[in-house]
Structure formats: structure tokens, C-alpha cells
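Note that subunit A is present in both complexes that follow, paired respectively with subunit B and with subunit C.
Take a look at the complex of A and B:
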């Protein structure tokens, strides 16, 4: 008897709870805006994805999850950096969770998949997270896909010129991964460097290479005045370690994901050679800008004790930049998403915002960001290696200042089309 | 005996056909569309690929891990030859010509897999097909000229069918369902033909079949060819569903997912593949909603573990088990044969097969 009573009580309680949660939305006055987040919490970029959600959560908490008088409900989804998984999750967000806007994804192939998916949607908007393939917005752009962050080619803006003019180097060896993101980065570097008259020798290595010794031997014997290293993650670490052990002494130029805290915080001989490395990218650890200092300060206060880094990662800043774009446009239309989001999408396209780095961001006719790119140098400060911005190229567009038709004529970046065309 | 199951299959098919109109009665509009396109549609597409494995395993006793790769061959062939895909590798063909070409390529790949793995059985067959699958995956991932490497080929939007756009969820659902039904009944027919009977003979005792004068090797290769064709149908549909294909779709994760679908559904009857893929798709989609977002894979793993522990012959075994439990009959052979066949293939002999 007692058992039956408790079971009945539990059932009643459960029913009451369920009724309560069902009834709750009816009480709120204006319906909330549903924002879907898509990043990678599994797979190779999981740490970057976690950090991205940290910054998104922090920025939503700052505005108390409210914009234009409407609440923002943030629904998180996770992919594993594979295009088809990202697509399945995006479909779930749109169709099942009924979100209005998706913020994401993180990696290149996912970005292109979601761009294609966004074209099949009406009255929904996808705003990029951190994916950096240039073709996502450059070729076959979708009217429903917006990107307030810059791409891999843009990130190299100013680097080729700096190496040629300031460092006075006429010939470089480029060692890079044999896949899309390094192609885009090498393309951006070569475009400037070769136009000024520089010569480039390429050394490609497949993603996941661990032994670079033969490459390094060739590079050390060559006439190259500097080495441009466009590897990422463990490949980059392996190259740098072996370069240091082989007694490499040429100046180093790095791709955007080489000069990163994940690389600098690892122990080993690579830290000696990486000190003084020049690189280009959308962020640095130290940027002399009050907006950035304030952002880093808030990030540390919020997350340092909950697993955050000393300084927000590149993915986190890209997600935050894109979120700023969304919030700006939502504020401009006062949270009005009616009429298939027409007014909202117009506001997005016209948005001029300030990224967490202090860089001004606006969109071009393909809904791709035009923004500032930093020239960075790795310095020892207070006993730790930090990426310090010393130069800034303002208003870098997707074609690095070239007329778009001429840029498109060059073709998509690949190992056979590395952007080294003389002027 | 199997003819008794046919009306049930047809009834199930009719329900599935009408489902896009039944679901909105039960669920809100947006959710009904989601269930039609992204749960059932996806489950059917992957069910077809899983069914190619179930067909080989159930009637031939071959567990092949190359089926997802073969589906990918069809998908890539379609993406390479169809006009409008990005980047344009060859182009030139419309969907009417590219899809048959893709199916041909998948069948040829299936035959090749069968020929290469001709002399291996059991765990060795599993390993050699896995190795071949991974080899093709790595090649595609690093080849830029034909497969566009890591990025894959996008914008395979699918044809217009009698003036209906394939991107419409209803059209896609019914096309996938129609394909699945044709293949499903095709398999049920095929296993009753002399070819199917020999195949089951090979499963039970290849030496005896060889002694009777049948070419065991040729039958085996042909079975792999049939499975390749089935996987190819799934590959074409999944490529259109995903608006393109990239190496991730045929990698180790995808390969293992197909095996999981087949096993949790049950390797005893082709319907198991669809039940398995439906369970898999539902779990894969909703686990993150039910459970902690950082650890939802744990829930998926536990659910699969539970299914395999409770019923070693997969979900289709559960029904038979329940019925036995309720009627308290000690395994009458005729009953089991009439419904879903749940016994492990090795215990059966060719003699039991209906003529």
C-alpha cells in the first residue's frame, strides 16, 4: 500500500512538473529568438569548439540573453568537423529545434556544406562560426549565408609585403600541409610576395606527417632567406622540433594557426626557434587596443577558473565576431524576424561592427567580412611566449585588394595553383 | 512460409507511404517534416546501405566492412560526372545518365571486392574488406585531381522527377522509400531463386556445395556484385541527401556506423537493416538533447550495448523473443520460420529452406 501511494505521488509530481514546463512558454510575452549553435565538441578541433562556446555564452550573458526586447534562446549542437555530420546537425537545428539563426560551423568543409544547405532554406539565416575556406563566400555564394570573420587567404594580408620590403628577403621556402586551408594561406602569402618579385620554392607534406627531416635538409641547403611554415597542430610541432634539432637558423614566417597558444604552451626545443617568428592572422595575444584588452580581461575573469585559456583562441574570437554581427542586426531591426527575415538579413548585410579585437568589420556584396588583419611577432614576455601584434592592415577584403574578376581568374587555390604570379 | 509475411510487409509499406500525411496529425508541422525528411528519410537511405551488408551476412555468411566505401564510390561517380557539381571534375552528364553510371561503378567495385576477398572468411574477410575500404578512403582524401581531397565535391542537388524537385522533402522521402522497397522485395525474391539457394548453401557448407558441382567462387563474387549494387543505390541517395560527398562520409566512423546499424537491427532478415538504421538515426539525433552535450556518445554506446546484451540477434530478435515468452512455446521451428528469422545463420541448414 505504501509503495502504491508513493508511486502515485511520484506520478502526480511528475505530471505536475511536465505540465509546468509545458505551460511556461505560454506565460512569456514576446516569443524568444531561437539561436542555434553548431561547433565541434568532438574530433580534432574539440578544444577550439569548446572555447568558441565559452565566448558565445559570455557574450550572451553580457546582454542578459535579451535583444530588442526579445529573449535569445541558445541551442547547442556539436559536430566532429565532418561535412555530413555538420549537415545532419544543422538540419536538426532548423527542422526539429526550429531555430531562426544558426551560428556555425567551425571548419572549412563544414562551412561549404552549410553554405549549400542554406541555399535551400527560406526565412532562415546561417552566420558562419569560424570556418575559413574562401570558396564558402567567394564562389557560388548563398543569399542566406553571412560571414563576419575573415578567411585563410585574408589572414596572410601584409605578410608577403613585410617579408619582401621590411625584411629584405627575395627568396623563401614554403613548407605547407597538402590540403585546402594551407593552400588558401600560401595563396595569400604568394600573391603579395611574388608580385613584388619574390621567388618561392614549395615543399608540400600530407596532413599527419611526422618526419620532416629530408625536407628540412633540402631547405637548409637552399638559398632561401626565410622559411614560411604553414602547418597546424601536431604537424607544425613536429616540423618546428625537427627544424630546431637540425640547427635551422633561417628566419621563420608562420601561418595563422602556427602562432598559437596551443603551439607555444607545448614544451620542447621548438620554442627557441619560434621566438621572433613573424606571422599574420585575425588575432594576437597582445593587441594594443582597448576593446581587445577589455575582452581578454572579461574572458579571463569568466573562464580562467573553468578551463579557459590565458587568452581566447582564434576560433572563440571568430565565433564572438559573428555573434556580434547577429546581435547588431537583431538590435537594428528590434528583434523583428518576420517576413522571412528580410529586414534582418538586410540589416546583417549592412552591419558595420567592431570585432572583439577592435577591428572594424563590414560585409562585401558576397556577405563576406572586410576587416583588419594583424602582423604578429612571437616575443618572450614575463617568461612566457606571446603573440604580439606589431602591424595592422586595415580593411582587407577577400581578394586582397585585387579586382574580383581578376582574382577569380587565378582559380581556386591548390598545390598546382599556389598564387605565385608575377605582376 | 514467407508468403505469409508478405501482406505484413505490404501493410508496413503502405503505412510508410502515407506517413508524411499521418505525421502532421500527431506532431506540430515543423516536427512532422523533420521526422519525414531527416529521421525517416535518413534512416531509409542508410538502411539501404546497411541492407547490402545484411544481405551478404544473412544469406552468404560474409561480413563485409567495405559496403560504405562502395556506396561512396557510387556517390563520387555521380558527383564527378554530373553537370552542376562544384568543383566540376568531368561534368557533361545529366542525372539520367550519371546515376546508372554510379550504380554500375558501385556494382563493379562490389565485384572487385568479392574477387579480392575470394579466399578469406570470417574475421579475415572482415579485416580485408576493412583494409580495402580504408585504402580507398585515404586515396580519395589525398587525391585532389579527381576527388577534390578533404573538401569533397559539393552541390549535387539531385534531379527533377516528373517535374518534382528532389530537394522537396516529400519527393526525396518517397523516392528513397520506393528504392528501398524495390531492393527489399528484390532480395526476398532473389534468395528464393536457385542463385539464392546456392548462396545459402555456400553459407552453410561451401564444400558440399562445391561437391554438388556449383562454382562457389563465382556465386560469391556475384553476391558481392548484388550487394555492391544495393550499396550503390544507398550511396547515390545519401549523396543527394547531403548535397554532395566528402571523404568523411566514407571514413572509419561511417563504416563502423553501418556495421552497428546492421548488428543492432539484427543479421537475420533484410528488414533488420532498416530497424537498426532507424534506431541509430533516432539515437544519433536526439542523444545530445536527452543527455549532456559533451558526453552524448556515452548514451549512444550504452543503448547499443543494452540492445546487443538483451537480444544478441538484434532488434528483430526481440519480437520473436517476446512472442515465445507470451505463448510459452518452446521454439516451434515452423513459427520462427514464418516470422522474422532470428536464429544465428550458422545453425540453419539448406534443407530447411522452402523450395
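Take a look at the complex of A and C:
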């Protein structure tokens, strides 16, 4: 007993001494970089937000929270996918937590709100998380808002053409959330589909809708050859479950956040109807690329026993891609954020990185990513539903290859401007 | 034509769910004069607790998983309701504002505790196969069986409540309490105990709604606020403390919501509030409420 006490005391004393001697050089070290995270741990995208932080934490652990000789302190904040809440939490990160850089937000309208907020800030930078409204960077962009992830319109590259040409479908029903991100996705799909001569009937529903039965009844009675589902989170789950319950049998085409582990790992009858669904997006569970396989392997090792998915979700990969952009630029300037972050922001704009999927990413003049988009199909493999990439378009830009002036003339994606213009 | 029938049926099945939840709210208000702002929290807590019991059983593929989950959720909500009345609201009887504020605080605490315990992942119950598939309904075609079951449950709840209030001794005590609490006490009835019973019953109905609702649509954070708001609207439209009024209010709100979704989805929520505004302007006590 006495020996143990002495040993404990000695250890304590030793620890105290060590802390004392270590504390002195710590003062001389440069102050840490404060990185604020903003994602949705509440509301319809809570699952995706949770997974986003998993990947951010994993990537920060990999570099031991240090870049360019400076420590990175990560401060987590949460919103609920509503723009006003995201704005309030971003203000809190900047004003109270005094962060240098914000990584976020997750959802479309939030991104536009934070883009506008970033314009009022000097010496601070906001780098997107996973929000994918196109206007965030396309129209009225802000000099200190950067997006290394592609947007909702880009994610649909090749999908409309595939549905028209390969699947031979001439008329579709589009059911989509009534807010910025689905506008961008529907716009991207329609742009190709209608140009080839396809016809589209739209069914909009506000974000947070959980009873789609009347909409499904209308869709099942229509002439549509396929249903394009651009919902996500709880809304998407509700739609798919009710579509399955109503005995829906039309082929399904998915928006990018439908064909995702946040949806496929939830249990229920929706998995039956989603088998075989075609979709487009910046990631898939199975991509034939060594960089991606290594990333998935690390993700599984780190998170599979702590509630993670079989494969990282779309939001997680987008956050990781944007974090890679930040880390690349911080490394390039050796952690120097002085002079209102001027050098850092120049380095961000010039950054050319590789996304976790293995896709090359560079930014255009609006600080928006140009990168690869995958065409995916959901398949049952080893008893689990997986999103398998079967096509890849390289270097997709924000206007889907159209001259920018011509693309801008089509107007901003909205409920009333869904991009369905015949050639 | 069959589309109109389907939308009407969707409205009625949704109304059934709203009725189950709102009837408990109305019952508690009727006897206790407590505007129970924690009613949505009781919906949520029953859903999550029921699911925690349901999931391991469902994994083992036993046919009674859903029924056990349902019973667990309802029982937990009832006990929770009884505790709320005994520990918190009982000793502030008659102080309506204070009780409303206490229940608001309670609902915030409950929601945050549920978020901390169960996380943000949406959950959904899977009903037993017998009531899960689809049924042929004349004029509509294949229709989800579970939504028809919802109507059955709502009708059973409505009949049960009517029988309880009109044909049992407890019902007589409850109705007497609504009119004159003091006189009822003077007759030798333990009024606080009747209060606990009513509160437990009201909470159990919220819990029943919680599990049924979480079978029809995903259960996630935020459902508490939504169902509290719906209960308030339904009860305000139908008339406080009246079972028939609650049923009428639920049908109006449910059908309006579905018609709105089919005709003008973006603005469908306005229709609900338009009904409420109209009722409040023309008949402030509710359609079947007593002045």
C-alpha cells in the first residue's frame, strides 16, 4: 500500500515536472490554426453530417492535427439544414470561437447563406463542406468562399443522356425537394434529357415532407417511363418506403444523395425498390481506383466499429475533399495566415488536389471545383446494397461544358426554371 | 377519379394518425385544463423507446417484434405521463401558464436527451407482414394495408374513449371533474388520482401515435414539434376537450394537407392554417367546442 502510494506520488511528481519543462517551449510555438466545422447533426441530414465529421476527424488524425508546423484545432458546430440556423452557427464560430477558417456547410440553401456571409468577413475564409447549390459559386460568387466539391448540377452529368439513349425512356416524372440543391440537380438532369427531346413532369415537395402518398399516387398513374427521385435524408427514406408500399414498379433514377450509404444502410422495404437504381454523383461505393480503395480501407478500419458505414457517404467524401484543399493550401504557405489570409487564399485558388475518389480537382475562376463525375448503379454485392460506378466523365465543369455566358442565360435553377429546354 | 379517391383516402389515413395523437392532448386539456406542451415529446419518447425494444427482436425475426415494441412504447409513455403529473404538474394545479412553461421546458430536455442517447439517424418500424403489404380497395386499387390499419386503430381509440367517458365509473368521474372539481372532491372522489390516470391515458395515446406514426413515416428529431403543432391545430379547429371535435378537426387537417400536396405542394401548409384562422374567426371555441 505504502509502496503504491509512493509510486503514484512519484509518477505525479514526474508528470508535473515533465509538464513544467514541456510548457516552456510550447509558449514559443506558433499559435494553433482554428478550423471551425459546420455540418448538420440535427434535422433531415443528421446521418450525413455525423459521417462528415467522421472523415474530417480521420483526415486530421492522419496528419496528427499539424500542418506547416502549426497545430490545427478543430471546433465542431451543428445546424439543421436550414439557412438561418447555419448562418447563426457560422457567426458563433467566427465571433465567439474566433476561428480562422470554416469548413461547411452541408446543405444547399445553407451554402448560399454562408457565401453571402463570407463576403462580409475580412481575413477569414469559408471552404464549402458538402452543399451543392450551383448558384453558391456560379452567380455572384464571394472572393473568400471556396468549393473543392462539385455542385448538384455537375453531379448529374451524363445521367440525362444515359436515361434517354441507353434506357430509351422518353418521359420521366421528377420528384424533388423544393429548395436550392434539388433545383441544381433537376436542372443538370433536364439540361441533357430535354435537349435530346425528353419530356418531364415535375413534382415538388418542401424539405421535411414525410408523407408522399398523394404524390406517389399521381406518379404511378402518369405515363412516365421512370421516376427521377431527387430527395435526400429522411425525406428520401420516406419517399422510397412509401413508393415500395404503394407497389411502385417504374424504374428509378436517383439524385446523388439518394444513392448513398446514408440511405442504403437504413433498414426497410426501400432497399428492394432501390436495387438497380441508376444515379450520378461525385462518388460511388465501388470505384475502380487505388486512391479510393485505400481511403475506404482507412475509413473502415477507423469507423466500422464505431458506428460508421460500410463505405463513406457522399457528404463525408465532400467534406474530406474540401479539407484536402484547405490542408494543401496551408501546407503551401507553411501555415501562414497573416495579411488577412491573402497568401493562403491565393494558394487555395491555385490548389490542384486529388479527391479521396482519385479524381483530380482544380478550381475555376469562381473558386468552384472542376472534377470527375461517376455514373452509378445500385447492386446487391455480398448481401449488402452497394453503389457501383460504371461510367466516369472527367473534368466536368460547372456549366457541363456549355460556354458560361450561354449557361448563365438559362437563368438560375429554380422551381419555375428547371432547365428543361429543347435544343 | 380514382386519383381523387386515393388522395381522399390518404387524407383520411393521415387524419387517423393525427386523431390518435391529438385525442390524448384533448383529453388532458379537457379534464386538467393543462395545455401539455410536452405532448410531442411523449410521441417522440415512445417512438424511440419502442424502437429500442423492437429492433433486437426484429433482428431475431420473431413475428411479435412490432407488437412488443408498440406495447413497450405505449407503456413507457403512460408511466412517463403519470410521473410528469405526479412530480411536476400536480402541485401547480390551476396555474395554467406555469404548467405550460414547465411542459415546454420538459419537452426541450426530453428532445435533447433523446438526441444524445439515440443520435440523429432516422428510424422506422416495420410492421408485421400481415399488415404491411397492400390491399385492393374498390375505386382506388392497391393501397398500403398499414394505412388502413391506422384508420382501424383510430376508430378503436375513438370508440374506446367514448365508451370510457360515457359508460364507465372513471368516465363519470372525469366528466364530473370537467364541470366541477371541488364538488367531485366533496363527493369523496380522489381527484388527484383521477388526474394521474387521465394524464397517463393521454400520454399513452401520444405513445400509441408515436409507434404507429414511426411505422408509417420515419421517426427523427423534430417530429415532436411537428406533432405538437398538429395536435394544437386539430384541437383548436375541432374544439378543446371534445372527442368528436378532435376527430372532425383531424379529418379536416389531414385531408387539407393531402389535397394541398397534390394541388399546390409548396404552399400546402398554408391550407392548414387557413382552416385554423377561419375557425378562430367564426367560432373561437372550435367547431364542436363548448363556449
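What we mean here is this: the second predicted complex is superposed on the first by the 342 of 423 C-alpha atoms of A that agree within 3 Å, B and C clash if a C-alpha of one lies under 4 Å from a C-alpha of the other, contacts with A are read in each partner's own complex, and residues count from 1 in each chain.
Simple rule for what comes next: a contact is a pair of C-beta atoms (placed from the backbone, for glycine too) under 8 Å apart; a residue touches a chain by one contact, two chains touch by 3 or more.
All figures in this text were calculated on a predicted structure; none of them were measured in a lab.
Contacts of A:234 after superposition: subunit C is touched, whereas subunit B is not reached. Shared-chain residue A:268: touches subunit C; no touch with subunit B. Contacts of A:218 after superposition on the shared chain: subunit C is touched, whereas subunit B is not. In the superposition on chain A, contact of A:178 is made with both subunit B and subunit C.
When both complexes are overlaid on chain A, the residue A:206 reaches subunit B and subunit C alike. In the superposition on chain A, contact of A:108 is made with subunit B only, not with subunit C.
In the superposed model, A:42 lies in contact with both subunit B and subunit C.
By the touch criterion stated above, A:133 is placed in contact with subunit B alone, subunit C being left untouched. Of the two partner chains, subunit C is the only one that A:245 touches; subunit B does not reach it. Residues 41-42, 80, 178, 206, 415 of subunit A touch subunit B in one complex and subunit C in the other.
Looking at the complex, you find that subunit A touches subunit B at residues 41-42, 76-78, 80-85, 87-88, 91-92, 95-96, 98, 108-109, 112-113, 116-117, 120, 133, 139-140, 178-180, 206-207, 412, 414-415.
Subunit A makes touch with subunit C in their complex at residues 41-44, 46-47, 49-50, 80, 178, 203-206, 208-215, 217-218, 221, 233-234, 237-238, 241-242, 245-247, 266-269, 307, 415.
Within the complex formed with subunit A, the subunit C residues making contact are 2-3, 6-7, 10-11, 13-14, 115, 119-122, 124, 126, 132, 134, 142-144, 146-147, 216-218, 220-222, 257-259, 261-262, 265-266, 268-269.
Only residues 30-31, 33-34, 37-38, 42, 86-87, 142, 144, 149-152, 154-155, 167, 242-246, 248-249, 251, 253-254, 284-285, 288, 293-294, 296-297 of subunit B touch subunit A when the two sit together in their complex.
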